[in-house]
Amino acid sequence: MAKLGFVGLGVMGGRVTRRLLGAGHTVTGYNRTKSKAQWLLDAGMRWGESPRAVAESADVVFSMVTNTAVLHEVFNGPDGILAGLGEGKIYVDMSTVSPAASRHLAAQVAAKGARMLDAPVSGTVVTLEQGNLSLMVGGDEATFERVKPILLDIGPKVNYVGANGQAVLMKIAINLNLQVQFVGFCEGLLLAIKGGVPVETALEVMLNSVIASPALKYRTPLILDMPEEVWFNVNMMQKDMLLAEELGRELDVALPSVALSNQFLTAARAMGLAQHDFAIVYKVLARMAGVDL
Amino acid sequence: MAKLGFVGLGVMGGRVTRRLLGAGHTVTGYNRTKSKAQWLLDAGMRWGESPRAVAESADVVFSMVTNTAVLHEVFNGPDGILAGLGEGKIYVDMSTVSPAASRHLAAQVAAKGARMLDAPVSGTVVTLEQGNLSLMVGGDEATFERVKPILLDIGPKVNYVGANGQAVLMKIAINLNLQVQFVGFCEGLLLAIKGGVPVETALEVMLNSVIASPALKYRTPLILDMPEEVWFNVNMMQKDMLLAEELGRELDVALPSVALSNQFLTAARAMGLAQHDFAIVYKVLARMAGVDL
Amino acid sequence: MAKLGFVGLGVMGGRVTRRLLGAGHTVTGYNRTKSKAQWLLDAGMRWGESPRAVAESADVVFSMVTNTAVLHEVFNGPDGILAGLGEGKIYVDMSTVSPAASRHLAAQVAAKGARMLDAPVSGTVVTLEQGNLSLMVGGDEATFERVKPILLDIGPKVNYVGANGQAVLMKIAINLNLQVQFVGFCEGLLLAIKGGVPVETALEVMLNSVIASPALKYRTPLILDMPEEVWFNVNMMQKDMLLAEELGRELDVALPSVALSNQFLTAARAMGLAQHDFAIVYKVLARMAGVDL
Amino acid sequence: MAKLGFVGLGVMGGRVTRRLLGAGHTVTGYNRTKSKAQWLLDAGMRWGESPRAVAESADVVFSMVTNTAVLHEVFNGPDGILAGLGEGKIYVDMSTVSPAASRHLAAQVAAKGARMLDAPVSGTVVTLEQGNLSLMVGGDEATFERVKPILLDIGPKVNYVGANGQAVLMKIAINLNLQVQFVGFCEGLLLAIKGGVPVETALEVMLNSVIASPALKYRTPLILDMPEEVWFNVNMMQKDMLLAEELGRELDVALPSVALSNQFLTAARAMGLAQHDFAIVYKVLARMAGVDL
């Protein structure tokens, strides 16, 4: 079993760490708010005093944080991950950031004799806990082969995609569809409801049809019962839409569906709903249809 | 086994009839072009000289045609289905037409002492042949219970939705998502391709992810290999989008994703691509991204 | 001075008739609700008992009604305009209907030895009363030259556009911009307001800028003060958007801005605002921005 | 006459400087490429060796540059404008940048005892040369009153809008309409053309109608005759759309028309048309309509 490090023990990162511990790995972890990591310390995780300390303690160090700004915080500076990396170490970032940002980190890591992979996940907390998470991996293929057994302890589907940055590119290409599909689903659902079909029946029929992606199966039932613990809120979804829009401009790809469906996230925020799961976008479309939930 | 009738033996209707014959039912069929029904006659189907003759010969008569205009042709007039219906008979229309049109037929059928159900399907020829088609059914619940065993010979999932017209309403609510999801998928795919990921890899990763609905799994591979036999072309997809837009106006539901994604079907036609499977919409978005396939 | 007829004495048609009377023409008029025409009878207009009677009495007969259905009502049948037309007469329809519908009427008129022109207007009641209305005319050029002096009594700008139907085509091409421009204006205005600029200042600055079309100058101030007498409500604006969308499908022209901006008219109706001037669309966008007026 | 400075002598800035010289002011100017300023030196402008030198020489110093990055270059650093400002001086920035960026500069200027105004213009080179440019001004009202006479030498309409940053906010709110209106106009024009109206006739009729804003009157004729000297290209228009989208997210205003119409600028770039006036967006919509120009 390998000596691992993990920086960022939030909703997803914490649960990934739990799986790695469960698989028998030694994991040293770090989180800005230590108290949130208590359950992992109870489960045998060691504590690292800083991202640098975590990187120094490990052969393979992971990070999984909310956005590029936080990633730069834990990566750079005297206490950052980069400062703790050296010859032969492997750094795996599981955050969703821009391909350009990811490639920039990879170059800095390479300059220290270490190797970096970008390994974002496709799936939710539920998928993860069921052991069904899929990972996409970008970077050097030999490095990928070395860490693949560890990645398989996280989830059963591990796809090598290509060079550094290409896994986060694929992640963004996938995630934009979460919002596009969700908005389309709401439009159909509202038609059904205003046409007289009970919302539960309409949901059931639609989720048994050919349009029911796993993402829709997971998220659209939240329309009826918004969760207390929010895993992916309006602002987080919009962050991914903005990454897509930035890429669209950089790569010259017109993204009309992305551009349009993104506006409903802004509208949700304007209506004071930013802290909910992004399924709350349903309320925006419902109000435009004169439907009260 | 029941005495059945079937009007409209096209791509879908013909294959449904084949399944009914295979299940041991006696089926009398009618199609505008008789030659296209030869394979069914060879398989034991009887020929009816008109939709009326088919209805007269059967306890339960089905129809499955392309649009409302054709439905009116086979339903009305001295040789139409309605003329052949009478006390105790059941008429099951599997076409996708507007809920209002369907309810109007149901009222005429009821006036003759018969009963009508709307029973559109969710799925493709492939799903049908694999025996996995799902049916939604609208109409009187007692009537539904009587024909349910026959419907189960068509596909294993048969959902009672509600009153007359509500099954076609659900069908439209589902089908609009085919186009919305497809356009979103193309946008993501084009980002991946222009970012350097080979199209085959990008497709594979996306189709293994949480956004991969059965519909996307079936249709997006057509991007790489457009089929010779076209089951659902640009104009057929647009017909369903227009049904959705009409319902949106009738029921006062704003449908921004539908309205936008529908425009790419028009653009496909303007580019001379109307006779292809609607997956050809990919070419419209690819041209807007400066990508040649 | 010519003997004129006028069918449809509503908000616009009544005022056009008033101008024709003012210019010294003899006008026989007809309106479904006679009481609404009393002010014109008081001003010297003669009453025709039916559209046919009006057509029989006149050398040049005009019509100006709300939509295609009403046009067919006053045009067809034993009491319709067509029945009153004959060799040498000229029929001028000022309604906004589809080019195909207009061409169909023109063919019927020609079959009776008469001639038809489509002559929709660009402008509002205010423009009309100020004597600044512009007219577009489609049809036979010689016929156009014969009635041009009469048309100049309605408004000072009279443009010959081309064959039958092409003037209503141009009218639709223009009118779709009313809604597209209005929605764009609202988006800018809401940015300004939420950025702290008082709404009156923002309106004034925008209406003094290069984007201020005459249509925006007239309509956007209604945002602050919705009128009691409504000249062009949500449903009327949507009727023109639908004519544009139909033409887009018929002529294979993708109309993304039309398709999108049209949805806000549906949303206005869903919010119970259909009977207001279509400037009420501002409320839909304001609600999506969390702004209360 | 005042001692003025001007940093940024490009297409617009150079012509503004020419007007100030023409009004009798002493102007010291600076431009990154000195050769482009030769015509102004010939007209009596003095040369400043750096933005700082310009600011030191003047009572009122102007800047007018392409984007925020260039503005920061000429504003900051030992040779920047800020270094040359001091007690009692006035700095007027005419660039289109984000309100936040403008307010940030204003605070730095105030810290040195000087005052800043944001004074973007609405109009084109043509409007400017005709002496019809309008200016919007944000900042301290007393400061505004002091420089107003000088601003009136640039253009006849000078509107005080509010605090620092509010004039650029209004500029952005206006400019987003340039693109939205243009796309809508193209859709109408393409309908007319495919319906058989000659493009010149359609343009003329539309530009004589109520939707013809000054901006459309200036730009849409470029569709027929793209200019050699490009004043506002695809990337410049998109820069303003992005400023609008950023503000939309910051202020929570959904901007569906902006988001959608912006995509056609990206498509123009993908088709290799970035260096043209943004009227080239017409080609994107024309290709989607199967029309070749």
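Points worth noting:
In this document, chain identifiers A, B, C and D correspond to the written order of the chains, with residue numbering beginning at 1 in each.
We adopt the following convention: a residue touches a chain if its C-beta (ideal position, glycine included) is under 8 Å from a C-beta of that chain, and two chains touch if they have at least 3 such contacts.
Everything numeric here is computed off the predicted structure, so don't read it as measured data.
In this entry, chain B maps onto chain C through a rotation of 180 degrees when their C-alpha atoms are superposed, rounded to the nearest 5.
More inter-chain C-beta contacts link the pair A-B than the other of A-B and A-D.
Over half of the residue numbers at the chain C-chain D interface are used by both copies of the sequence.
Centre-to-centre separation between chain A and chain D, using Cα means, comes to 40 Å.
Computed from the mean C-alpha positions, the centre of chain A lies at a distance of 37 Å from the centre of chain B.
Shown for chain B are the residues in touch with two or more other chains, namely 248, 252-256, 260, 263, 267, 270, 288-290. Chain A meets chain B in the complex at residues 99, 122-124, 127, 134, 136, 157, 159, 161-163, 166, 169-170, 172-174, 176-178, 180-181, 183-185, 187-192, 194-198, 201-202, 204-206, 208-216, 218, 244, 247-248, 251-258, 260-261, 285, 288-290.
Taken in their complex, chain C has these residues touching chain B: 238, 242, 248-249, 252-256, 259-260, 262-264, 266-267, 269-270.
Note for the complex: chain D touches chain B at residues 256, 260, 263, 267, 270-272, 284, 287-291.
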